[in-house]
Structures are given as C-alpha cells and as structure tokens.
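The two complexes that follow have subunit A in common; it is paired with subunit B in the first and with subunit C in the second.
What follows is the complex of A and B.
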C-alpha cells in the first residue's frame, strides 16, 4: 500500500486519495483550447447543458408519467399539466428542450463542416458526433411516442412501418419491433424503456467518447491552422499568454462560453415560458386512435429533411418501386454524413469561404436542406411532390459529386 | 513453449465458452422482444357473417385494422375477383383503410359505394377505386371461410384465388 502522510487540510485529505489536483489540471486548467475561435465553438458546452436540462426535467416527468396506453395520455395532459406543482414547467422544458437541442446540434454539425473540423486526424470526433446525432434522433422519436396523442401514435406507426420495406424480413421485423401487429401497449412500454434508460445510457457513453476523441487531435480553430499544442501550452504556462495560441479550458475558455450560454438560455427560457406551443402539436392533444388517421402526418421540424428524402421518390424508376427508392435514399441520407471525412478528398483544412469549390458545395447543401425541410411539412401533392423529388435528388447528387469537387479543388490549390 | 500453448488453449477455450453464452443470451433478448403468445393468438378474428343485414356495413377489427364486411342484396352485383360467396350470399371483405393516405372511408347505402372524407376518394361496393386520388382498390385481408364463419388472418383457398387474380391483372 502506498504511504500516506498526515493530511493538513480536508482538501489535502481528498487530494491524497482522489488526486484532485492532477484531475483538475488534466480536465480543466491544463486542457488547452485554441484562442482563434468564435461563438460557434460554444455549441458543445451548450449541448452538454441542454442534455443536463433534459435529464433533470425528464426525471421529474418520470415521477408521474404512466407507460400504459389507457393511462399515458391523461398522466401527461391531466396529472402532470394540471395537478403536479410546476409539472407544466418540466414538460415545457422537456418538449422545448428536445426541439432546441436539435437546433444546436445542427449548428454544431454545420460549424464542423464549414471549418473542415472532420479532417486530418479529427475523423473520430466527427464519427462519434454523428453517432450522437443518431442516438439523439432515436431519443427524440421514442420520446415523442410517450404522450400517446394522435401524432405520437401515427408517427410511431409510419416510422416503424418503414422497416417493412426491407426485403424478405421486413414484415416480421415490423411486428417484432412493435411487439404486436400494430402500434399497441407493448410498443409503448418498450419505447418507454428505450427513452428513459437504454438510449440515454448510450448517449452518455457516446458523449464520453466524443470528449475523449478531442484529446489527441485537439479542437480546430477559425483558420484551420495546425500547431504544436505542447509548445503553445508551455509558452502560456511560462507567462507569455499574449503570444501563446492557446488558453486553458477553465477558467478562460469557459468564461466566454458562459456568456454565450447566458444569451442562449435567455432565448431558451423565453421559448419555454412564452412560445412553448411550437413544440406542442395541436393534433397530439387528441388521444391516440388506431382507427382514425389524421388527415396529414408530419414529424417534428428537425426530422423534416430526412422525411422529405423518404417521400421524395413517389414513382417507379427502372422497375424499382417509389417506396423502395425512398427507403434506399432515406438510408443513404442517414449514413452519408458519417463518411464525410472520406468523401472530402481535399487535404485543405480551411473555413469553407477560403476553399475555391467547397464553398459552393456547402451553401448549396444548406439551401437544399432548407428546401427539404420546408417541403417536408407540406402535403406531397401536385407540384410539391416534384419539388420534393428534385431536392431529394439534389441531396444525393451533392454527396456523389463531393469527391470530384474536392479532388478538383485539391489540384487547383496544389495540394495545400 | 509448452506453457505458452497451454495458456493459449485455456484462453481460447474461455473465449469460446463466453461466446456461446453471449450468443445464447442474444437469443433470449430477441425472444423477449417477440410478440407475446396472447398477441399472436389475438391475431385471428372470427366473424359469423350469416346473421348480417344486407346493404349495411359491418366493421370488424383485425390486428388493429378496421375490416369492412358488406353483405350484398339481390340487386347488388358481385365483382369478379373481389366479391366472396359465403353460403347463398355475396360479400365484400376488405381492409377499411383508404389506399391513398389511410383514412377510413364511409359507406353510403343509398349510392352503394364508399367515400373517403379526407381527400374525396370513392370506391365501388367491392372496393375498386372509381374517383379521386386512391391509387389502387382497398386491400384484402387474408381470410378463410369456415361454413358461415369468416376467419380473418388465415389464408383460405378463396383468398388465394383472389390474390392470384389480382396479381395476374
């Protein structure tokens, strides 16, 4: 056993046993962040805070929620909303938080794409981040089912039905996922389990991986510049803070982050208190009824772009049915961002505006995603269906074209 | 050297044993997610159609879906490949979800047809689309005729013949 000296203070007593000094250095005061960054680099901390808010509000909702098809709707809309003290607050934080967390995820993701933060050693940061996106999507989808309103029911119905398109095993797979031939009590209870335990556990694991993946390649900066972090850290510790290119995570980086966080939370709680209705679809205030389909089914805003890719192919091409084509396109759309580090063939790590060809690709993608999102909400009839088809095709073509565009770019800039 | 290979063997044996246990537990996990026996047995619905009133729509529920059962009067003409003869009467047996976007059409006993309120689709009494956006006739549930009883969820010869006809057309 290691030898222990008599501790002079309570702090020392803990430090001897838990290595607090060392831990704080590694995690906070000597974890180095580049200086040359802007407010977009605050999104990671915002997401951590949002996830915490969702967990805490979720814990309080869990005290009164009942995962049973006969009780779920009333336990949310009557018990939590009207009887439980401040139950409405936790529900609105949870619902608005689920929506806003996706807004921040998208900003975080597109910041990464814009600044090329997925390249040259940062691939694992990108992949673990995309894994988090998929897990958050699963979390959002499973949670949306729980209030057991009409939109809960039919979203669950339509999304589980998607798996029916998989050849050979599709039909059985849908029944297996639902635990019944239709969305029913067994479906609700298993998605409840996923929402409150399995998926959050996986999310926490993926967050740890995501943070850990940052340790070796380090955080990117506004110019995409590569430098020796150890050397810059030495400069900082020697007192030459002005010429050092890095700052410690705590207290320097986080103090600025807290400012951005403060502004963000004002916006967030403004939504929670005064505009929560945008996260509360009126259709979902009718209790689920498996025998009555709402006239128009659509997902929450953050799933609209991929929902539109799914619907975009509404006619047969080369003997493959529209349904299958939509399913293939949907599967591609879910997976294609994962391989972005390898589709981008240019070694250049620079913000998009300094990349001669990539900048067009980036803004084209942004416009296309907005078009997909807008049309994903509209009924797919007449001209809407064709806009959906064109924008879905554009989405796929953009990713097919990316290796060629970036290879041409690499040639133009001479491999820089 | 002898010792090395012994360790290697023990390691592999341990790994293989653990792998078998892992696979076995995966099977248990898969089975836990399977529909329960009570759910599977509830996957069949039986309806005695002899007592039904002609030209009045009966809606049975099978696997959470509405099933239209319509008994024909003498002057209602059967449609080849869509109408089923049970005893002396013809019937329509179909899934009551509009093939456009899944709403439940209503039966109009005066016009003797179905009208979907959502987007205005219309179907004949045998469920063939005749107006509006529905892309195909109402789907047929698998059924078997057992005397005057209809067993929904089982594929009888009449159902197979109808599906063969629909597939060939």
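What follows is the complex of A and C.
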C-alpha cells in the first residue's frame, strides 16, 4: 500500500483515496469532443436526461402501482392519477417521456447513419447503441402493459402471439413468455419484473458500454474528418483554444447541450401537460377485457414501422404463408440495423449529402420508414394492405441494395 | 443558419409522421358523423308549440305516471326498493323530479307519445317482438294533454346550478345504469338486473372522459346509434345544457387534476424557458473563447 501523507483538506483526503482530480479530468475536463458539431450532437445528453427522468418518475410510480390484474388499472388511474399528490405529474412524465425518448433515439440513430458514424472504428458505438434501442423497445413494450388498459392487453396479446410463428418451438414459446395460455395475471407480473428490474439493469449496463465505446474511436464530427485527438488536445491545453479542433466535455460541450436541453424540455413539458394523447392512447383508459377486442389494435407509434413490416406480407408467396413471411421480414428488420457497418461497403465517412449514392439511399429510407409508420397505424384493408406490402418490400430491398450501392460509390470516389 | 435548416428538416419529418399517425389515422378510424341535434328534429308526433296547462298536467301525471314513477320533489316517494323495482320492471324506473329540467321539451313530449321510437331502440323492441319496453306508449293522449304533462314536469323540476347540477343530472340521466366507481357511486339498478335488462353490464363511466373524450361523448350521448350502431343504450334526450352538465361531471370525476395540471404546466414551461435562455447566454460566453 502506498504511503499517505496527512491531508490538508477534506478535498485532498478524498482525492488521495479516490483520485478525484484524475477522475474529473478523464471524465469531464479532458474528455475531448470535436468542435465542429451541430445540435444533433446533443441527443446523447438529451437521452441521458430523459432516461434519468424516466427512472425518477418510475421510482415514484413504483410506490403506488400494483402489478395485479384486479388492481393495476385503478392503482394507476385512480390512486396515482387522482389521490397521490402530483402522482399525475409522475405518470404523465413517465408515459410521455417513454414516447419522446424514442423520438430522440430515432433522431440520434439517424444522425449516426447520416454522418456515417457507425464505421471505420466506430462499429462498437453503433452496436452498443442498437443494443440500447432493442432494450428500450423491450422496456417500452413491457411498460405499456402495466396500466392494464385495453391497448395494454391487446397489444401484448398480438405481439406475444408473433412468437407463435417461430417453427417448432413457437407454441411453447408463447406460453413460456406469457406464463399462461393467454395474457393473464402471470404475464402482467413478469412484465412488471422485466420493466422495473431486469431490463433497466441491462439498459444501465448497455449505457456504460455505449459511453465506453466512444472513448477510443472518439465522437465523429460534422465533416467526418479524422484527426489526431491527442495533438489537438495538447493544442487546447497549451492555450490555443481557437485553433484546436477539440473542446473539453465540461464545460464547453455541455454548455451547448444544456441550451439544446432547455429548448427540448420546453417542448417536452408542453407535451407532458397539454398534449399527451399521442403517448397515452384514449383506448387504454378502458380497463383490459379479454372478451372485448377493440376495433383497431396498434402498438405505440415507435413500433409501427416494424409492425407494418410484419403485417405487410398478407398473402402466400411460393408456398410460404403470409404470416411466416411477415415474421421473417420482421426478424430481418429487427436485426438489419445491427449489421449496417458491414452493409455499407463505402469507405467514406461524410455527411450523406456529400456522398454521391448513399444520399439517395438515406432519404429513400427516411421516406419508407415514415410510410411504414403511418400505414402501420391505419387499418390494413383494401389499398392500405398493398401500400404496406410495397413499403415492406422496399424496406427489405433497400438493405439488400445497400452493399451494391455503396460498393459503386466506393469505386466512384476512388477509396476516399 | 445551418442549425435552423437541420431543425426545420427534423420538424418537417416529425410533423408529417405525427400528422399521419394522429389526426389522419383518427380521421380514418373514426369518421365524422352527423352533428348532434339537440332539437330532436326527427320526432314529430306531438305539436310542441301548444302551451301546456300545469294544473291539468298534474292531474294527468297523478293518474298515469306515479304508479311506476316516483317524483320526490312533488311528494311522490319511491314505493319499492331498487331491487324490487328492478325485479318488477327490469330496470329501476326514473324519478321524474328533474325530467322537466334535463330533457328536451320536444324529446320528452315525443317520448311520452312513443318511448321506443324516441329512444331509437326499435331494433331492440320491434313492434310485436318478444320483448316490450316497460313503459307503454301514451299515444292515446292528445297532443294538448301530453304538453300539459310536460308543462307540469317542468314546473316541479328543482332549480340547481354549478357542481350540484352536474352530479344531479348525472344521477338522474345516467345513474340508473352506469356506475361511477371513482365517485364511489353504484348504479341504482342492481348489477344482475341491469345486465339482464341491457344484455351486458353498462360500463362504469369513471374514465370515459379520457377513453372517449369530450368530442365523442358530445355526439354519442345525443344519439348513441350514430356512433355505435346496434347498441342497447337508448337516446336519452338530454337538452344541450344537461348534456354539458353530465360531461362536466365525468370530467370532475375522471380528470380531477385537470386544473392543477394546466396551471402547474405553465409554470414548469416558464421555468424551463428561463433555463434555456440562461443556458444560451452561458453557452455564448463559453464558446466565445473557443471560436
């Protein structure tokens, strides 16, 4: 053990034992972020704040929520919403926050795709981020069941039913997930466990991995420029702040993020207090009733695009049933973003608008995802079913075409 | 500036998506129906321009109505328990004290003339069908006599206002079938009886202000068949004011924190706005050193 000299202050006492100075440098004042960035680079901090808001509001809700099919609905809509002081506030923050967090995740994710921040050393940032997307999806889905409203019940019924399509084990798997032959009390209680314990733990772990993965390849910048971070950091520390290409995380980077956060929170709280129906579907204020199917069943908006890929295949092709095809397409849609770094064969790390072919692919994908999202909500009847089929096919074709498009792009730009 | 351009693009993409999944999808899933009609113009059996005679109305009511209906405000108390009344009639017959206040005059007159057609329930009680509505048609009365009854009912109705009126109207118009558990109110017709009478237990309305929303309730209460064809819920014939009272009551019970939410909301937004301004000033100061 190293020898300790008498500490002169409380700060020094802690510093000797915890290395506070060093820690603050590594994490904050000498953690370097590129200077050439725009407000889209604030989404990570926004997400961290949103996750914190969700955890804190969730803890308050947890004190009154009852995971039992006979009590859940009233514990939310009466006890929390009407009896507990400011219970409604925590519920609104939690429900609207869960929806808005996905909006920010999507912006964050497509920022990464637009600027090519998933390749050339940044693969692990991308993969850990996609892992977070999947975990947040599980968190959103399990949480949506807890108020035990009609849409809680029927969305859970439809989504768990999807697993029944898996060959051989499908039927057993559905029973295993639900803990019963139908969505029931056991389903609610285990989804409660997933929502408040297992998935949040996994999310925290994945956040740590995601932050850690940023350390070595560093954050991308608006131009996709590669430069020597150590050299630029030295420049900054030597006082040449204006010519350095980097800024420290604290206070420079965060000062900008705080402003973006402030603007975002005004919007967020407007939704929380005055415009929350998009996140708290009116249908879900009817208590779950397994004998009364709602006229329209749809998942929350952030699942609509993949839900539409699932149901876009509504007829048999080459002897394979529509249901199976949809399930295959759905599975592909869940996994395909993970392998994006390897589907993109072009070496260019540039904003999409500076990439000759990729830019078309990117905006095509955006349009297709919006079409899938909108048609994922509309009833799948008549022409809607065909729009769903066409946009689902387009989604798959886009990813099949990506390696070819980007290889052609690589050839055109000559490996730059 | 570039950042504004980026913001505009994101706002456009989010706006288009939002429009598609909210207003547009709702418009497709819930097509607009005919506007609510508080004059009940389809009912034309009774000439409602006739002036009613209250005294004659009293005689007619005492001879024809109080065998089944109580009118507590006029001293005719309910003679059977709710359970016995429900067993005898299928449903507890309404007390008529506030009928003159909450029901539209034209509706009330035509209801007395022929209840089933006024309620839009001929699919449930077809002429000559197995089931008959518990109240007979008084189509043998002259229009003048019917208007006398209406005038009498209007004269006995107590004047109530404010939140008392909200609850009173709910109890009189909805409370025989619909419980409101968040107000600790149970429908006056016992559960089994009302289930047998209606074919299904009428829903508890505690959260209907949230699950159906004001706009839907406005149309639905006025004429349920328009929005839910085949439902056994009758058109109850509330006048516009009474219907607003019912909806106000549903909001008081189902969304009791609305006022608090809206006032806290403004303060929180103001606080966050000030935070954003201070953050901007701080950001300018910090970044002036690095640019």
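In the analysis below, the second predicted complex is superposed on the first by the 416 of 416 C-alpha atoms of A that agree within 3 Å, B and C clash if a C-alpha of one lies under 4 Å from a C-alpha of the other, contacts with A are read in each partner's own complex, and residues count from 1 in each chain.
As a convention for this text, a contact is a pair of C-beta atoms (placed from the backbone, for glycine too) under 8 Å apart; a residue touches a chain by one contact, two chains touch by 3 or more.
Because the structure is predicted, anything quoted here is derived from the model rather than measured.
K.L.:
Considering only the touch criterion stated at the top, classify A:265 as touching first (subunit B), second (subunit C), both, or neither.
P.N.:
second
K.L.:
Quick one: classify A:226 as touching subunit B (first), subunit C (second), both or neither.
P.N.:
The answer is neither, since A:226 touches no partner chain.
K.L.:
Please determine whether it is subunit B or subunit C that touches the greater number of subunit A residues.
P.N.:
Answer, by number of touched residues of subunit A: C.
K.L.:
When the two structures are overlaid on chain A, which partner does A:295 contact: first (subunit B), second (subunit C), both, or neither?
P.N.:
Touch partners of A:295: subunit B and subunit C.
K.L.:
A:88 in the overlay: touching subunit B, subunit C, both, or neither? Say first, second, both or neither.
P.N.:
second
K.L.:
Looking at A:182 after the superposition, I want to know if it touches subunit B, subunit C, both of them or none. Which is it: first, second, both, neither?
P.N.:
The answer is first: A:182 touches subunit B but not subunit C.
K.L.:
Give me the intersection of subunit A's contacts with subunit B and its contacts with subunit C, in residue numbers.
P.N.:
Looking at subunit A, the two contact sets intersect at 295.
K.L.:
Over in the complex, which subunit C residues touch subunit A? Could you list them?
P.N.:
Subunit C reaches subunit A through residues 2-3, 6-7, 10, 13-14, 16-18, 20-22, 24-25, 28-29, 181-182, 203, 206-208, 210-213, 256-257, 260-262, 264-266, 268-269, 272-273, 275-280, 282-283, 286-287, 289-291.
K.L.:
Across the complex, what residues on subunit A touch subunit C?
P.N.:
Against subunit C, the touching part of subunit A is residues 35, 38-40, 74, 77-78, 81-82, 88-89, 92, 103, 107, 241-242, 244, 247, 251-252, 255-256, 258-259, 261-263, 265-266, 269-270, 272-274, 277-278, 282-287, 295-296, 301, 304, 366, 370, 373-374, 377-379.
K.L.:
Which stretch or stretches of subunit A touch subunit B in the complex?
P.N.:
Listed in rising order, the residues of subunit A that touch subunit B are 175-184, 186, 190, 290-293, 295, 297, 381.
K.L.:
Considering only the defined contacts, which subunit B positions touch subunit A in the complex?
P.N.:
Where subunit B meets subunit A, its residues are 33-36, 39, 43, 61, 63-66, 97, 101-104, 118, 133.
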